[in-house]
Amino acid sequence: MTDTTQSSPDFSNDILLKMRDIRIDGYSDEQWHPIIKGVDVTLRRGEIMGLIGESGAGKSTLGKAAMGYTQPGCKLTSGSILFDGVDLAKASDRDKRMLWGTRIAYVAQSAAASFNPAHRLIDQTVEAATRRGIRPDADSRTDAVELYRALQLPDPEIIGNRYPHQVSGGQLQRVMTAMAMSPRPDLIIFDEPTTALDVTTQVEVLASMRNIVEEFNTAAIYITHDLAVVAQMADFIQVLRYGEEVEAAPTRQMLTKPEMPYTKSLWSVRALEKPEVKGEDIVLSIDNIDAAYGPQQVLFDVSIKLPRGRTVAVVGESGSGKSTTARVITGLLPPLGGTVTFNGEVLPAALKDRSKEQLQQIQMIYQMADTAMNPRQTVEEIIGRPLEFYMGLKGKQREERILELLDMIELDESFMDRLPSELSGGQKQRICIARALAARPDIIICDEVTSALDQIVQEGILQLLLRLQKKYDITYLFITHDIATVKAISDEIVVMLEGKVVEQGLKSEILSPPYPDYTKLLLSSVPDMDPDWLTNFLEQRSD
Amino acid sequence: MSEQPVTYSASAEVGAVRKRRSRLERIGLLLKSAPATAWFGMIVVFFYICVAIFADLLAPYGEAEIHAAAFAPWGDEFFFGTDQIGRDVLTRLIYGARNTMGIALATTILSFLIGGGLGLVAAINRRWLDQALSRFVDVLMAIPSLIFALMLLSIFGSTITSLIIIIAVLDSTRVFRLTRAVAVNVAVMDYVEAAKLRGEGLGWIMRREILPNIMPPLVAEFGLRFCFVFLTIAALSFLGVGIQPPTADWGSMVRANASLIQFAKYDMTAAITPLLPAAAIALLTVAVNFIVDWFLHKTSGLRE
Amino acid sequence: MNAVLSTILKRLGMGVATLFIVSAIIFSSISMLPGDFGETVLGQAATKETVTAFRKELGLDKPAPVRYFEWVGSVLQGDLGTSFSGRNASGQDRSRQVSDLVMPRLWNTLFLAGVTAVIAVPLALFLGLTAALYRNTAYDRIVNATTLTTISTPEFFVAYILILFLASLWPVFPSLANIDASTALGERLYRVALPSLTLTLVIVAHMMRMTRAAIINLLASPYIEMARLKGASRSQIILKHALPNAWAPIATVIAFNLAYLVVGVVVVEVVFVYPGIGQLMVDAVTSRDIPVVQACALIFAATYILLNLTADIIGIVTNPRLLHPR
């Protein structure tokens, strides 16, 4: 780390925030247990720090602690939080309130929930500045319009008169940045501000956030789990794991020469790439599918072919119809028109009309392993049920097969009688894979199976899926919005937009020019691990 | 983070740190953490259950046995005195525990069977059946249940069977709503979808996938509904249209002896006599409420 | 505004439909009567002719839908039918119009409920709000335990305790709330003191707990945390950020409890021998005077539906999503 030697003298006013030995405990299961275990943070004026880590690393808790705020159910047990000379760990509520919203501002992840539904956006934007009398209310309102303009919001003069539910998520996130910026704070905490957004929206929001923070020379702590995103924003990066600091270094150094094994492993997942193989034997094809939820049509003339033993990745943003396509294939959503053909025979449209054998051949793995397993069933019951149900295995045979499956997913006997709550995220997803494998399917539909997982775990799961494919000649339909994952696992790619297939072909064809417009936008919007990426992207676009 | 090589082991990955305990250990631990109010509740409920079960052994006289003196004072022969036609109050109290609690319990169970069963079915089959049941329940709930009960009792007459069926059906609307609401939350879970994709039948999905996951709120609701049913039956009996004499029942005991209160200045114990069954009712519902409160707090995690 | 208007109209339509179905249920209850009902009302000695005449008068000889619409028609004109009581086996009819029985008592009940509501609603809102704000303090715990105890207690227990202390041991108020049309307002208030105090205690407990829960739920919203992190003080958070979003839940709480009051009134009227509609209904149930029971049930149900309708409409009118559609 560049500047955190404990003894470094406080040589200037340059240092805005100095957190030392922060320890925070959380209360659950009837006891206090540590969430943050002694972390130091030093931030200079105008500097942007990236705080990255996986879910549960404590990054959000630490970010809020920088304001001297701990959520209900958490408590600061030790440490000092010197903000411009004031120790927020000891300051009274009143003193902290005087700083919050004026000198330290907060931008939350869920903009939709964080705006008060009863007030107009502009009233909420200027609220803090007006309350503390930073400038006359009318001036704040003029200023807010300028901020909206600077953040490239459409119709900056009138958008402030709208209510939160009247604007889109990406816009709301920018209004929240304007709200944070309105009193011209010294420090802004960005708490995963773009996580809930689609990639093409995310890039716009990132660009406008970065511009405005630079323009006013505001210091910021940018919290995220996405390395590529933080690379665009931060001057230096601090990596957190299990409430402890793993490594801290300037962005470029961190990206090129990570030191700790953990940090290195975070980087490696992006390097994974499966060599593509063309497949001729079509195991499943869907042809001219139209589908609707109620009166709203969501799929328009969708046709996709799955070659046996290959992976077809379906990419697209939320609402593009990729999950709906999966629902049509499984029979959960009978289509309005079109057919699903499996091994040469047309499958009945509705789930209830399909035979047990047909159901057995197409298995599914879900995004959230948490909700995909019954929390009241043990691993043995979860994996054992398809064995009983499809193959009628019982007793010893069943147990042997379960052990075999556990072995395939690199887990052992000791997992048999665990409940899902006693497994880690990666282990849960592995059990779900084992449940799918238990049916000995031809096809496994993977619906965003890695996107809820931490990066290091993602890699393990992807490699496992590839190994299984090789060994058992399984076909994957792999739904994802993440281009890195697509590169890692696919042979063929289908790009979807607004319920239509934009493009379909071998990975090498899709990922190289010439691109149709949308594919180009989609691919180019995904941040690289290059700190100059955003700058280049914006330059290219303005050409 | 220290010496973790690049090779990655799935089984070594740290899951949620939770010690496995046997059921007995968990119950022990749970009881240890129970607050005073919950302990109070549990002791009271235990006591009531004992009284109800061993009523025949505990009661000094027969349930409807009539003695010479009406409104006899408290004393050795009649511990809490006698009522308006000379029955021993203590005996009536003890049998009342069995009758009132038994009827309330039977009603609550019946109401859960009806409401819970239909609620589950409605939550899984979200089409016409759900629509029809939900609308029907909306209408039933648009009439205050005590009023509806009074009306139906006036038609079918106040027998114990009609009392149980009427209250159970009316109360099952609330059970239906709750069961449906929590079951709908579970029914949209991926694991239920996974079971459907596997080809499981409705029965399996209800019993194995949904029911175990909605038990905690249902158990809490059972406690609350029991209190409500218990109070409703007590109120109906008090009004004279519930449990009919000579069956001993706390609600009607209050009404029958109520006139004694005006003698408070002359004989305090006499004035307290009608309050005894009322207090017995209140104590039980308070106790159950305390337990449910604690249970809800436990199962909902740290809500506040 | 169109979205608001159409939502309100939809809700009103639903209310009317519910009322119709409820009235149909109440009406059809009479056809569920056992066959020998005429004899029960008229006595064992009733001749076949009188029973037939009685059935005819009830209209039991006509098809049910016809009877229903005739009944609805007369109810809408204020005619609630004729009471069963006062008839006898010989065919003599000294029965009274149901509306004559019900109306004066309805006003008495509304008076009692109104007095109670005026005291209970503000008190409960205040207690609930303060308990939510000072959550987990000693104040909150005491209020919580007290109200939990009160709501678990039958109304008649509260009533008799009050009678014991305030009427019997220290005769401050009368234990019988017998009033009639000629009773002056001051005297009326004095007489209904104990019944309305009983109801107040019960209602306040319910309403306070629900208010507290609603406010705590509201305060857990992310936008409230955001307001804190914007440096708003406690009072600013409550007044500016929580209150505008609180009308709908509070209206629901009030309506629910007023509806509860309507039901609670039955027991309390019986305890204090108050000549209200609740007591009338209980008497009618005991004597199986079906027309009176029907009329009372209809009135109770209508009040109940109306209260819930009002709450929903307040919720609609204060919902920013409907007020300012996209």
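In this document, chain identifiers A, B and C correspond to the written order of the chains, with residue numbering beginning at 1 in each.
Here is the rule we go by: a contact is a pair of C-beta atoms (placed from the backbone, for glycine too) under 8 Å apart; a residue touches a chain by one contact, two chains touch by 3 or more.
As the structure is a computational prediction, the values presented were derived from the model and not from experiment.
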item: Pair of chains joined by more contacts [C-beta pairs], A-C or B-C; value: B-C
item: Central chain (by mean CA position); value: B
item: Whole-Å gap separating chain A and chain B, where each centre is the average of the chain's CA atoms; value: 45
item: Chain centre separation (chain B, chain C; CA means) in Å; value: 24
item: Distance from chain C to chain A - Cα centre to Cα centre, in angstrom; value: 51
item: Where chain B touches two or more other chains, by residue; value: 304
item: Contacts with 2+ other chains: residues of chain C; value: none
item: Per-residue multi-chain contacts in chain A, two or more chains; value: none
item: Contact set on chain A toward chain B in their complex; value: 27-30, 72-73, 241-242, 244, 246, 260-262, 264-265, 268, 330-332, 351, 354, 356, 359, 363-364, 366, 368, 371-377, 385-386, 389-390, 409-412, 414-415, 418, 421-424, 426-427, 430, 435, 439, 456-457, 459-460, 464
item: Contact set on chain C toward chain B in their complex; value: 18-19, 21-22, 25-26, 29-30, 32-33, 135-136, 145, 148-149, 151-157, 160-161, 163-164, 167-169, 175, 216, 259, 262-263, 266-267, 270-271, 281-282, 284-286, 288-290, 293-294, 296-297, 300-301, 304-305, 308
item: Residues of chain A touching chain C in the complex; value: 64, 67, 69, 71, 97-102, 105-106, 108, 110, 113-119, 127-128, 131-132, 162-163, 165-166, 179
item: Complex interface listing, chain B residues touching chain C; value: 37, 138-139, 142-148, 150-157, 227, 231, 234-235, 238-241, 251, 254-255, 258, 261-265, 271, 274-275, 278-279, 281-282, 285-286, 288-290, 293, 304
item: Chain B - residues contacting chain A, complex; value: 1, 4-6, 8-11, 13-16, 18, 20, 33, 189-191, 193-194, 196-200, 208-209, 212-213, 301-302, 304
